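By letter and in written order, the chains are A, B, C and D; residue numbering begins at 1 in each of them.
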Amino acid sequence: MVKVGIYGASGYTGQELLRLLLRHGGVEVTAVTSRRYAGKAVSDSYPVFSGMTNLSFMDASPEELAKGADVVFVALPHGASMEVAPRFLAAGKKVIDLSADFRLHDVACYEKWYGKHAAPETLGEAVYGIPELYRAEVKKARFVANPGCYPTSIILGLAPALKGKCIDTASIIADSKSGVSGAGREPRIGSLFCEVNGGFKAYNIGKHRHTPEIEQELSLLAGQDITISFTPHLLPVKRGILSTIYATLKTKTTAGDLLEKYRAFYRDEQFVRIYKEGTFPDISSVAGSNFCDIGIAVDSRVNRIIIVSAIDNLMKGASGQALQNMNLMCGFGEDTGLAMLPVFP
Amino acid sequence: MVKVGIYGASGYTGQELLRLLLRHGGVEVTAVTSRRYAGKAVSDSYPVFSGMTNLSFMDASPEELAKGADVVFVALPHGASMEVAPRFLAAGKKVIDLSADFRLHDVACYEKWYGKHAAPETLGEAVYGIPELYRAEVKKARFVANPGCYPTSIILGLAPALKGKCIDTASIIADSKSGVSGAGREPRIGSLFCEVNGGFKAYNIGKHRHTPEIEQELSLLAGQDITISFTPHLLPVKRGILSTIYATLKTKTTAGDLLEKYRAFYRDEQFVRIYKEGTFPDISSVAGSNFCDIGIAVDSRVNRIIIVSAIDNLMKGASGQALQNMNLMCGFGEDTGLAMLPVFP
Amino acid sequence: MVKVGIYGASGYTGQELLRLLLRHGGVEVTAVTSRRYAGKAVSDSYPVFSGMTNLSFMDASPEELAKGADVVFVALPHGASMEVAPRFLAAGKKVIDLSADFRLHDVACYEKWYGKHAAPETLGEAVYGIPELYRAEVKKARFVANPGCYPTSIILGLAPALKGKCIDTASIIADSKSGVSGAGREPRIGSLFCEVNGGFKAYNIGKHRHTPEIEQELSLLAGQDITISFTPHLLPVKRGILSTIYATLKTKTTAGDLLEKYRAFYRDEQFVRIYKEGTFPDISSVAGSNFCDIGIAVDSRVNRIIIVSAIDNLMKGASGQALQNMNLMCGFGEDTGLAMLPVFP
Amino acid sequence: MVKVGIYGASGYTGQELLRLLLRHGGVEVTAVTSRRYAGKAVSDSYPVFSGMTNLSFMDASPEELAKGADVVFVALPHGASMEVAPRFLAAGKKVIDLSADFRLHDVACYEKWYGKHAAPETLGEAVYGIPELYRAEVKKARFVANPGCYPTSIILGLAPALKGKCIDTASIIADSKSGVSGAGREPRIGSLFCEVNGGFKAYNIGKHRHTPEIEQELSLLAGQDITISFTPHLLPVKRGILSTIYATLKTKTTAGDLLEKYRAFYRDEQFVRIYKEGTFPDISSVAGSNFCDIGIAVDSRVNRIIIVSAIDNLMKGASGQALQNMNLMCGFGEDTGLAMLPVFP
């Protein structure tokens, strides 16, 4: 049994990790930390875990947690993670970091969008953890920067089109919609039921911090610098991201041709599902699973491709993908603990 | 008191009309029709109306309804309306038609998107009922084609930019999200609570029937033919449409400059609210009211304008706007019966 | 124009009051206070009010607010209100207090359930503001304690049965379900969208602080001391309370007989609607209005009455009823500003 | 591999069965039937199954389906099931019937609540499939009548109290609230998103067809005839039932004592979780799992026990419990394919 610790387990991504790990089969969760709930039984704070675990939240230093763990998930907010992750690496542990702190390769870019970085020397070691693009690197990695939720949906949605040189790279617009769990479990007025239910809004237009992460990966895929328009919206659902992505096609192409390219690109991927022509994913069809579902249309009147990409933001957009990375890093089957079907209705 | 009839009152737009008319003050609702509920008291079919009206649904011909009405709202599905509206006109009534049947000026265009038109000769008489653009015509009209919900949000969102020649007309993308009431009250699997709640999807990508209506009006505003990309999505909310509209700016411009143009354009409009720079509407801020709220951002990195436009699809997107048109046609104050604030939370 | 102030206007009940008062027609809102938002324009904090008011939130003492107001609504949490309301009375103002601080006639009872009372001498002056039971007193009052949301639904639901001596007073069980706005706008984990949506739970079983208020009024109606079982639940809706109330009938009676008694009891009440036999209210049928809708069944197999009573917790359960009280205290028509129909869907 | 067929797989319980069976590990689903979708690939009708199965819906007779199946789940509406289930039994198959047709032992009682029974002679053979009460019988059974959703929550909630003779059996009131999936996937106006969302109502008060099923089992537990009050309500959630159950205690007892009895009663049950004193289940804490969570309070002022019992209506209330029964009938571990944790948020 691989021993696993979760550093910062009281938020939604931490809980989701715990839910998955308790049913993984090949790991033992040895410790979970939380300042807010230190000393409390996990099952008291989260009744979903009643009878499922005897773990209590600890308020432990990285070094203390490291003693009993081979692998550590760091599920802290950005800014906090950069102080902690290097200490797990120093202790010789495999680390999967769910924050934004180690996703960008360029320190200057990080500091422009997020502020001062405390461990810039560690940036170079982190592998950007989308297995569909970086599987070989993840397998060898001891440090994975787990991608953001919006970026995962957009990068997977665009990768075949960019690799295939199908689209005008200056024309990309990603209109994304996320469920509320993406905002975390902090008690904020903007996340209250009465503020969100029955509503829908755009936010951080043109300045969301996931933008440089998306552009970094799209540029690597295209082999040239890409700048996009990215507009996030807040959906009144708990889980799920759906990105509607627009780009101008370089040549006249049909949806059928493009779908064939997409199917070829993701041929061996068990977590990416390409839809039949004329059909498009619904968040409902991925929620509760690790799938990324993709549908494609071509608006021939204006020669644009419209890509619709859907994930569960807590699964493929965070904890599910983190576990997929862990499986690769530790030699488990890639879908171990991740083979569940979406829960619908 | 102006005598008003509603032909086809059992759907959500019919109900909403009745709700508004019962508190208008200057009208008397003399008859409401419904095949499905013929003979039943309105308050039995719709308990919200308990004690508010003694009306019963009738199954009447247009001619019968016309006998007791000065103004008639036709709230039938497209295809059905074209058979009925001309008969009210023939009876000398003022008619506001809420279907798509009389919104397009070009018969060929109608028949391409909808099918055979039964009353093409009547098309020319209908005024497209967005008072903010066609107030003078509406005042004199005896026949108004009430706009679609998506078109209202997009046309009002783009009008100042198009009139002001600010944007590249080939670059327009409208990514729109609608609440479920837009799908009507027909019992369809796709509108069931369990199918919609917790979900989100795009539908009719590149082929929604509102497209030609939107393009007709944008082209008139721009003085040139415009083709757009329009993607509708289904939101798990009851009321509201939010459109996120993208276009390339012709010149370097700031959001501040554009907002000034928008404020000038809508200076005298009581139902259009332009937001301060950096703030954007939420569906919650218009639901239950006749407002269209608009916010604007400029993504200077790619020189695009992003317009966010929000309405209540049953109010400004249907019955509210229909009443606004009736007020103009009958000489009432334009906001009579429409001055309510949004209901939040 | 009557000059009105709202002391503590930043919560949901304060906002709802403002929404109603801005469309009342006979009042002018002269000032609204909020510590959290002091100095900010109301329309900046609450975009629903964009263009509807030039008011800004003040951080003012009761004496300052009193200078420009004839009537004051106090919308503070319990405990805070008792410090403030007496100062408005001392300044000669009419006061409607929306907290629990002045609803109980018995100081000892208050202190058992809530803690120390700072102004016990003022308790005696407050009229319990359910106009359907205390209209004459409210009309003459200068100080009204506005009832709680749960109590309003339960007291109105039981009043005719208790007055008519129909039920065994030891057998009453009220199983109530409330929307989330009843928990206020404080940022608490338990009120987050992700915690509430898709969920449903009971809370404070057998010890909710509304219990003594309900029992006080039921006892007065019955002319004897009544103890009930009261279980509140949290519904994943924004607005609305539905109480399902059980009691054993003293004699064999039919639903029809009981409905007749209810109709007679509420004959002249414009805000209470008694349903036909076999039909029962839905929260949807009252949300957005000041109605209390009541349906009655008799389970003859066990000789129990089941009363279903529904209100909008922010309207008849709080701000709507507060305005109804103000109308009576100031000589306005009782439904002034309250005649709106429910908003459905 | 045990070969399994689902007769009537197009509704929500059929889909849920398929979701569970595809991940069971010990079974192969050989056929699924649906008249509505005959000939269509399951993954076309239900995109959640994309890439997960090659099954297509068949329109087959029971005899045809029986050829390739050892075990058959019948997921038809009541009335239809009674025509079909006996034919599977005649073919020598193990049958789990999810309808109400074989749950009642008394034909007269069935016919009073449901109408004519087509196969009364088969009633005697069906085991009522709550494993926590009838495990030994289920293990030996070839025909199990899978319990209703409301009954499961109420019977499990009351069993220890009734067996322990703790309560006055004439005083039982069950106030139950169910998610919308309980109403099935039929396109009905009452199940539309716009009718349900934001609403809440009671229905079928005192006459819901689950009443005799509940009373049958409670009576068997108590060893005497029991008549209850049962009020179902419709919750605006997709999954979940929460029952709040009231009864008068025979003697002064504490919640602690009762909880001890409950814990003892369910000591060896892996799907029943008894909560700590002062804590109560939320539907969110069981949704997506096969758990029944139970909390208990005593209102000592009136000497009543209040039991709160929560299940996922599609899991422990239908398909999960059906699989639990199949596991017992076929010699699998009872939790095979059912060990998933609740999905929260």
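Heads up, the rule we're going with is that a contact is a pair of C-beta atoms (placed from the backbone, for glycine too) under 8 Å apart; a residue touches a chain by one contact, two chains touch by 3 or more.
The structure presented is a predicted model; accordingly, all values stated were derived computationally and were not measured.
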Out of curiosity, which chains are bumping into both chain C and chain D?
-> A, B
Taking each chain's C-alpha mean as its centre, the one farthest from chain C | A
What is the distance in Å between the mean C-alpha positions of chain B and chain C?
-> 36
How many angstrom between the C-alpha centroids of chain B and chain A?
-> 38
For the pair chain A and chain C, the C-alpha centroid-to-centroid distance in angstrom is 45
Numbers and ranges of chain C residues touching at least 2 other chains | 12, 181, 194-195, 197-198, 236-239, 281-282, 284, 345
Quick one: which bits of chain B touch chain D in the complex? Just the residue numbers, please.
-> 12, 180-181, 185, 187-189, 191-198, 236-238
Across the complex, what residues on chain C touch chain D?
-> 170, 173, 175, 177, 194-195, 197-203, 205-206, 227-229, 231, 233, 235-240, 242, 244, 246, 280-284, 287, 297-302, 304, 306, 308, 345
Contact residues on chain D for chain A in the complex?
-> 12, 15, 19, 22-23, 44, 46-52, 181, 198, 238-239, 273, 275-276, 279, 281-282, 284-285, 288, 293, 314, 339-345
